[in-house]
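Common to both upcoming complexes is subunit A, partnered first by subunit B, then by subunit C.
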Partner chain A sequence: MATPRKTKKQVLFAQGNEAVVEGALLAGCTFFAGYPITPSSEIMEEMARRLPRSETGVFIQMEDEIASMGAIIGASLAGRKVMTATSGPGFSLMQEHLGYACMTEVPLVIVNVMRGGPSTGLPTSPAQGDVQQARWGTHGDHPIIVLSAASVQECLEMTVTAFNFAEKYRSPVILLLDEITAHTREKIELPLPGEHEIFNRVVPSMPPEWYKPFEDTMRGVPSMPPLGSGYRYHVTGLTHDVMGFPTQQPDEIKALIERLFRKIDQFYTDIMLVDEYLTTDAEVGVVAYGSVARSAELAVAQAREAGVNAGLLKLKTLFPFPRPFVERLARSCKTLIVPEMNMGQMSREVKRVAASLTHIRTLNRIDGQIITPSQILKAITQG
Partner chain B sequence: MIPDCQLARFEIRLSGTGGQGIITLGRILGYGLAIGHGYYVSQTQSYGPEARGGASRADLVVSSEPISYPKTETVDLLVALSQEACYKYYRFIKPHGALLIDTTLVTQPPSNIYLGLPFTTLAAEKIKVPQAMNAVVLGAVCYYLPFAQRAVMRKALEESLPAKIAKLNVKAFNLGYTEAEKHFGPSPDAWCPRPAESVLE
Partner chain C sequence: MSDVTELIHQYLRHNKKFPHVFCPGCGHGIVLGSLIRSVHELALSKDEVVLVAGIGCSGRIAVYVDFNTVHTTHGRALTFATGIKMANPDLKVIALMGDGDAFSIGGNHLIHAARRNIGVTALVLNNSIYGMTGGQSSATTPKGAVSQTAPFGHLEKSFDLVKLASAAGANGVSRGTVFHVNMLDRLIAEAVSRPGFNLVEIMSPCFTQYGRKNKFKSAVDMFKWLKTETSPLESWEQLPPEEKAKRLPIGTFLAGQEPGLEVLYGNLRDDLAAKEQPR
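The block that comes next holds the complex of A and B.
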């Protein structure tokens, strides 16, 4: 008789960066190419340790971030689940290939651990200055998915989510962390196998000669065979037709770009992830993301003790911007406070959707320090 | 193991100079309290871009409840292993807090109420390895924290280090613990609030 398996979860005391690696491996990542940069280096170090030990894992240190992106795009086209990790300066170098991945619909995950900028800036200090770059950094009109995480456990979960979204929507997904989230050590539980749903890209079911690589479907996401599996097709960054060859025809261009947007747009409810904390009766709302959301959580709890009905909307998906949640909170609150470690990148979005509904107050800090709970508490209580 | 103390954000700051092993100390202390004792622990760090020198700091929040803000604003225990760090962070100690200094390196304590041991001298003379200084500090901190147990913390130390240096560090840990036993008084009662009766059921 079989004895029931002991299903005790493994508990680790790990950094956010290490949790990203656990999440990636759980999601089935088998290829990592990158170039080390503080404060993201631990992701690369851990991948270098872990991937070669797994059965099919490949780890490559590339000559720079441009090549890193090239390598993971190639590996993804060949059927791998892929990831790279970097920080601000490296993320700037990745922008060109990021656009290529958007246009060719290559699933991949980029982790950007934000540090102080611009340029080399503050390598060891936190910031949230790459938010709009993640949305609009690469040229051309494109949709993209940008996620964030606030705690170590969330780093693991959001990495799994990032891979799932990448595979489901055939799109690059950017996971924006900051130095604090990446370097904080906390106790985390590793999920049991099967606890998280893992998505894999849809592969074509028709014979190779019938396959149209960029054909529109109901979901707007074409099926994707691994290169070398008998399905021959053309991949180009030029605007292409359903067969993947360059086109100048307005109707084909329009169909392609509209599909790229539609495949993300029509699944907003699936993609927009937020956490709400005491928002049901909130009069003062805080909208925050990343490590600042944790300062905000403590500030909201302290404000409640002081008799102010405060609430927190923590954004886990940054783009597509979770508009319905922000609007709903804006309608019930007399003030929305948007604390962030930049000069106001997410507050632009909040103002865009909620300026007519409520008073919006920004709280910015750009000196390489986290926004403290007492700063946010002051903003809440002073209105 | 069920912790005896019902902690609500007990905050510790370990500070000194880059290269002293401050962040390693924070990592091992955090590991011991989180995995060994079962508390919620959040350990953050702050350091400069230099490989050696420059200010280095590790902050720990220990709690019986999940932790929201992972950093510290004011601290219950400040461990200062350099004069500069001592001056810089002294004012962040809470009313019932304590200051623990390395009396070899901090020659001008900002107050005459402090706990001190010559950690650097102890490591260099008794252990003969100056790099083991942080393990001596860990021993002393472990003695002074009412919710940390010697055996559990020693095990955490062993598990966190490569086998070839584990034995030496355990020796340094024991030295720190016994020295603290000799020189430190009991820790403040406020550091270990007992759980309410109803919570026990």
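The block that comes next holds the complex of A and C.
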């Protein structure tokens, strides 16, 4: 018997946007709808080339971002793993259907490559101005999962994670990148088949006449049959009962909204992803995400060389906010620094959970330039 | 008559609490009946039909009928329908919208769905008004008509839905009314069985929010108007120009047979797969 040949990982020199496509295809994405917008367009262009060459893949360019979201929601209801990609102005247009997807529990992934704003802003410059829009942009109370990535390799991995969370929790998942991560070219390794766990949505196993499309179960996540599979049910953005029919009964309204929150809340530990770098003995902590986390990593290393016990908490999950990790770091540090390319959107969250535990300093940049390691180092050494 | 009632009951959801939301004299229930008869006539299974509805009075029709039903957002039903059809071309996707829904807030989606020739049947229930929100002007409110937002008479022109959909590139375009029910059954059945994008404009009166403010004495009066002021397209074409302007033509305006986008995309995938086969 021949010994199996050791399979070698394929190495690519790719930008973050291309890595997102690799991650999506690896996760099983077979449907993409989008509208061109800088700096995310490479994602849709690559999807336009790749999807028609797969067995069942569908790519469609829609008339605007509202339509892109409508199309992927429809395709997801029909059983596909779906994605769209955009940037700030397009993300604003997507808020209407983001709320619809929350209410109807439709799995989907939105990649938002953040650029300077507000409005048309700085189309080709980086920013992190959409953090709170990702959390609260659509109207009404709703839970949401927001992820980020700091490197090209992470773009691939976090895209797979985004699909897994979307399917597992029947929830829209937003992957927030910034222009730097999206356009930087780096060497990445494509994972081997089976290396990443791929989660597929749970479909009902009971007979159709027993199926309750929005039933409250232990997990809080109902099973989801594709349209046309014999489970005929009603989908609506109106507040609905367990059968999916509109309701105005206070007890049914309360049960639905509370379940939507519970199905995310009770899996906090699964969803909250962070990387910790030299945090165990840190006296000055940096909390960062996206490309800023890479500047922060270098700054922390340089601070250590200069004799300052610095540490980095890199947030990969932005929402639900990784509160326990921030609190733990805040307890051991005399200062927490939150550098970000906005006027202080994530530092609001850090202050919310840790203002009473430590001193929190913000470091904000909104001039379309990256936050450099030396800027962060300066803040660290100032304590 | 009892046959018709029995047929309707086969397709209604018995686990949904009636009564329905429609006002006395509303035409929307007639459209629902017509849709059910068309689906039955075409011998489609309930599992393969997806009814995608927008927001407004017409949008509420979806909840009553035992198909796969998706009640979407205001004006965007066609975007969902496009995604569903592209994801699974075997499904019969019918989008059901109102005039404000399809042509005011959803006008952009409609012209692009028509241009793309996506294999979806669009039924636009035109009652010339925003009914559910209380009778405000829509894109099809006639010039001079009174509404809650045009209390001194509407100054704007209204859309001609048939011309708009035709110009945008729809495969099939027709217009019917809830008075001409047999014709409506036929128009819907033909639209559903034709390939590509097909639009049926259905004149469905709203007495509550439009008629009683615009000199109609009763709902019956509005149905009589549908009878007397419309002409089948074939006879309308024989009329002198000044008569043509006064009367609304009904019937089939376009009946193209171009394959839908979902078919073209499937062909593209097959072609690419054939090219990439190892020789």
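Please note the rule applied: the second predicted complex is superposed on the first by the 378 of 383 C-alpha atoms of A that agree within 3 Å, B and C clash if a C-alpha of one lies under 4 Å from a C-alpha of the other, contacts with A are read in each partner's own complex, and residues count from 1 in each chain.
In this text, contacts are C-beta pairs under 8 Å (C-beta built on N, C-alpha and C of every residue); 3 or more make two chains touch, one makes a residue touch a chain.
Only a predicted model underlies this, so the values are computations on that prediction, with no experimental measurement involved.
Participant: Give one of first, second, both or neither to describe whether A:Ala78 is in contact with subunit B, with subunit C, with both, or with none.
Facilitator: second
Participant: When the two structures are overlaid on chain A, which partner does A:Glu186 contact: first (subunit B), second (subunit C), both, or neither?
Facilitator: After superposition on chain A, A:Glu186 lies in contact with subunit B alone.
Participant: Is A:Ser295 touching anything from subunit B or subunit C once the two structures are fitted on A? First, second, both or neither.
Facilitator: In the superposition, A:Ser295 contacts subunit B only.
Participant: Look at A:Ala33 in the shared chain and tell me whether it touches subunit B only, subunit C only, both, or neither; answer first, second, both or neither.
Facilitator: It touches subunit C, and subunit B stays clear.
Participant: Just subunit B (first), just subunit C (second), both, or neither: which does A:Gly70 touch?
Facilitator: In the superposed model, A:Gly70 contacts subunit C only, not subunit B.
Participant: On subunit A, which partner's contacts cover more residues, subunit B's or subunit C's?
Facilitator: Tallying touched residues of subunit A, the top partner is C.
Participant: Looking at A:His234, would you say it contacts subunit B, subunit C, both, or neither? Reply first, second, both or neither.
Facilitator: second
Participant: In the superposed arrangement, which partner chain does A:Val353 touch: subunit B (first), subunit C (second), both, or neither?
Facilitator: neither
Participant: Give one of first, second, both or neither to describe whether A:Val58 is in contact with subunit B, with subunit C, with both, or with none.
Facilitator: After superposing on A, A:Val58 lies in contact with subunit C but is clear of subunit B.
Participant: Show which residues of subunit A both subunit B and subunit C reach, each in its own complex.
Facilitator: No residue sits in both footprints.
Participant: Contact residues on subunit A for subunit C in the complex?
Facilitator: 31, 33, 52-53, 55-58, 60, 62-64, 66-80, 82, 96-97, 100, 226-230, 232-238, 243, 245-246
Participant: Quick one: which bits of subunit C touch subunit A in the complex? Just the residue numbers, please.
Facilitator: 13, 15-17, 46-48, 50, 52, 62-63, 66-73, 76, 78-88, 90-91, 108-109, 112, 265, 268-269, 272-273, 276
Participant: Where on subunit A does subunit B make contact in their complex?
Facilitator: 11-13, 38, 123-124, 151, 180, 183-187, 291, 294-295, 297-298, 301, 370, 372-374
Participant: Within the complex, which stretch of subunit B touches subunit A?
Facilitator: Per the stated touch rule, the residues are 26-27, 30-31, 34-35, 40-49, 67-71, 73.
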